[in-house]
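Before anything else, here is the set of structures, which you'll find just below.
Both of the next two complexes hold chain A, though its partner changes from chain B to chain C.
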Partner chain A sequence: MIEARNLKKTYHTKVKKGLFKREKDIVEAVKGIHLKLEKGQIIGLLGINGAGKTTTIKMLSTLIKATSGEILVDGVEINENPLKIKQKVNMIAGGERMIYWRLTGRENLWYYGQLYGIPDKVLKTRIDRLLTLVGLNEKQNVPVERYSKGMKQRLQIARGLINDPDYLFMDEPTLGLDAPIAREIRTYIKKLAIEEQKGILLTSHYINEVEALCDYIYILDHGEVILEGTAKTLSESTFETKITVLELAEMNSEIEASMQRFAVEENAIIHRSPDAYLIRFESKNELTEALVKRIHSENLPLSKLYVEAPKLEDTIIEISRRVNS
Partner chain B sequence: MKHFIKVVRAEAHKQFRNKIHNVWVVFSMLIWPILAFAAAYFQFKPFSFEAITEKVSYLNDESIITYIMIGYFAMVFFRSFVQSAWEFSSERIYGTLELIYLSPASRIAIILGNAIASLAINVWMFALFMTGIYILFNQVPLMNGAVLTLALAMMVLMSILWGMLLNALFLFTRDSGMLFTVLEEPMELFAGVKIPVQLFPLWAKGIGLAFPLTYVIKLLREVVFLGHNLAEVSALFYTCIFICTIMFVATVFILKWGERHNAITGDMALF
Partner chain C sequence: MFIKSIKATFIRDWITQLRAYPMHFFIGNVLTVFYTVLGAFFMYHLLFQGHLKASFEQYTGTSDYMTYVIIGSLAYALVVRTLLNVSRSLITELRQGTLESLMLAPFSRIGYFIGNMLQQTITSLGEVFLSMIFCLIFGLSVGTINGVTFVVSLVMTLYAYFGLSLCLGAIMLYTRDTYISQNTLFLFIFLVSGVIFPVEYLPKYLNVIGASLPVRDSIVILRAAVMDGVTIESLSPIYLRLFLLGTGYFVVGYSAIKKIERIALEKIFG
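Up next is the complex of A and B:
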């Protein structure tokens, strides 16, 4: 498990004030973050304003030193034995950087494998397996410059797995990819966590991606975790009201009047959908039980009844609205 | 050690593949040194060497071609490292520098691999060219073969260490592009590639002392033209070894300090 305790990072920068003058500036990028990442788990980092996601990832991966706080990787403090920690982690970023375009896919993997000192036989087998995993077997001897965006991204994933890391940090892994390829990459990511038991920390601007992949989410704002939990618990703690959706097989003025009365009795707000047979009740409590009773007593033609969970995107928009106001 | 060698080999292979993607690239590398050499030779040709011979006994009408060639031969070694170090800073732009730092690979092995690739790419063509010129002009100077071999080995060692030092500097800071400007032309001038250092005013001699290339050229010329034995050039050899030690220690220090500094500032991804 990777565990970050009270992680802080302060940058001392110099801001240009004219040609020769510079002023010192202090930027608190991360202000006391706590987080945990277990093997086989995917956690998401979502940020609102200059959140400190990238700085956090870089601290966790040994690239940047924390100003204070503690990072434990499988119980070992990150600064105690950085070389050992480096064998256990790797990073995958979106975009087309971080690979050598003039080298072939196989050569790229071989090069990075050598950096980790992997024995030749093991490396060869691993490269073959990774190329198969990401579907680049046929193009393995083609220079990367001739790869499509999706192929480059798949090679990035293979590159990030070359040292068989226990923990992977993925920074916008589907950035700029077409929807079908992005979906393919998401399938790989899920597979890595479930089948290969990799602990994955994911940052993404695609909230649907985070919602689909992450078991647990941290929402950062100005270097602080302002909310954390599963997508469901996040929305529950963000929205005070619940939406109960009733779909009927038919609609008439009598039923409509009955539903209006029900809303008044239950202190709920009615949202009529353009679809005439669908009514949304917004209230502090779930109304399913009360609605079942009403439907039964008035013998209404029920088609569907369910509670609508807010999407993570709605949750983030709501949190962002609150933070900015 | 096995890991160290693997990294050196991988880095050299990567750099080689990165730079040589077309056989014409290799040939084009020969063009600049040949033109520069020819320009220097024909600039000197019309002048009388009488005054110069007073200060540099072995420099005359006949030896000028060998004299300049030795300067350029050594220069190609050193210059190729300045260029390769400058190119190495592109790792920062492509984001691959972060991945190198993320790995447990020895940083010394990385820059050594890069330096070796540069050596292999740039030097063989010029060596070929030099051999051709020797045959063409039928100039086989009086020299001590064993000492010449040692001097050449010293040249390779010093140029590799020079390359490693520059790589470390270019890795350390993203604003090191100015080093390229400072080291390219001034090194050629002050190290005595074309003009004998003995003719320089004192201040220019002082600048020349800052470049390891100055000592290598002096060593090679003394061995080639004066046929000096090991005892006669021992002081120069010791000076070179001392400079090598300083360069190596400085490289290790800059690499360690630079990585620590980058980890604090987070600058390694900036470009």
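Up next is the complex of A and C:
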């Protein structure tokens, strides 16, 4: 397990003021983050304003040192033996960086494999397996500069797996990719966690991606975790009301009047949809049970009845609205 | 890990060079030496009409100006090519977006730089030896060369340049500049290291600064091996000085580069 405790990062920067004058500035990028990542788990980092996601990933992956706080990787403090920790972690970033364009796909993987000190026989088998995993077998001997965006991104995933890491940090892994390729990559990510038991930390601007992949989500704002939980618990803690949706097979003024009365009795707000047969009740409690009773007693032509969970996107928009106000 | 880093970086750079740099790049480098020597040839024969001040022979121990200039120019070409490549390696990684993926790996830094330098040294030596062939036309005399001293001098030269290149690499990575730092330094090296004239002609203060760079001593030992055919023993005080200078630059450069790597990684996204 990776555990970050009270992680802080402060940057000392210089801001240009005129031609020769420079002023020192202190930026607190991360202000005391706590997080946990277990093997086989996918956690998401979502940010609102200058959240500190990338800085957090860089600290967790040994690229930069935290100003204070502690990172434990399988119980070992990250600064105690960074070389050993580097064998256990890797990072994949979106875009077309982190690979050598002049080398072929296979040469890239070979080079990185050598830098990790992987024995030649093991490395050869692993490269073959990874090229198959990311579907680049046929293009393995083509220089990367001739790859498409999606192929480069797939090669990046293979590079990130070259040391067979226990933990993988993915910073915007589907950035700028076409929808079918992004979906393909999401499938790989899920597979890596489920089949290969990799602990994955994911950041993405695509909230649907985070919702679909992550078991647990941390929401960061200005370097702090302001909320954490599963997509469901996040929405529960964000929204005070619940939406119960009723879909009827037919609608008339009598039924409509009955539903209005029901809303008043239950202290709920009615939201009529453009679809005349669909009514949304917004209330503090779930209204499923009460609605079932009403439908039964008035013999209403029920089509569907369910509680509508807010999407993660709605949750983030709501949190963002609150933070900004 | 050390050997693997050397081997991998050497092969990576070799493939990249073969794939990315066409033959005319190689020829271009040879031509640089050609033009420098040609300029010196014209000045010596047409402007000075083969006349040298008596002090030249007194300072250099030879009256063979063309061989003096040619060895100086070839050594300078070797400095520029090897020094430049090693010092530019990390900023090139930064520019092409591979610095982070490289730093994620537990590789040997020294191995990485040595691999880089070895590859470049082989290419540069190829260029230098090719240049030597046409330099024979301009009067290069290698009849008295002491092969063993030459090889030892070359190894000592590369050792000293390696340390210097780490220092320059740290400056480049910190300032994120290659053009100003490399060109300023190389012009200065050309001026103070006795490439085309004896350093005794320089003002004293420039002489002192020039002595702090290993290039001057490396040119002295390469010239001594080729022109005078001296033994290793007679050059041992200079070897020792060069070793100490190179080690000094290595210690400073290596510790600086470790710190600046982190700063560079912090700066990538800020």
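As a working rule, the second predicted complex is superposed on the first by the 325 of 325 C-alpha atoms of A that agree within 3 Å, B and C clash if a C-alpha of one lies under 4 Å from a C-alpha of the other, contacts with A are read in each partner's own complex, and residues count from 1 in each chain.
Throughout what follows, a contact is a pair of C-beta atoms (placed from the backbone, for glycine too) under 8 Å apart; a residue touches a chain by one contact, two chains touch by 3 or more.
Please read all numbers here as calculations on a predicted model, not as lab measurements.
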- Query: In the superposed model on chain A, is it clash or fit for chain B and chain C?
  - Reply: clash
- Query: Touching A:Leu305, do we find chain B (first), chain C (second), both, or neither?
  - Reply: neither
- Is A:Ser61 touching the first partner chain B, the second partner chain C, both, or neither of them? both
- If you stack the two complexes on chain A, which partner ends up touching A:Gly117: first (chain B), second (chain C), both, or neither? both
- Item | Which of chain B and chain C A:Leu83 touches, first, second, both or neither | both
- Pick out the shared contact residues on chain A: the ones touching chain B in one complex and chain C in the other. 11, 13, 55, 58, 61-65, 83, 86-87, 89-91, 93, 97-100, 102-103, 107, 110-112, 114-117, 159, 163
- Touch list for chain A against partner chain C, complex: 11, 13, 27, 29, 54-55, 58, 61-65, 82-84, 86-87, 89-91, 93, 95-103, 107, 110-112, 114-117, 143, 159, 163
- Task: Within their complex, state which residues of chain C touch chain A.
- Result: 1, 4-5, 7-8, 11-12, 15-16, 19-20, 96-98, 100-107, 262, 265-266, 269-270
- Query: Given the complex with chain A, which residues does chain B contribute to the contact?
  - Reply: 2-3, 6-7, 9-11, 13-14, 17-18, 21, 94-96, 98-105, 260, 263-266, 268
- In the complex of these two chains, what residues of chain A are touching chain B? 11-13, 55, 58, 61-65, 83, 86-87, 89-91, 93, 97-100, 102-103, 107, 110-112, 114-117, 159, 163
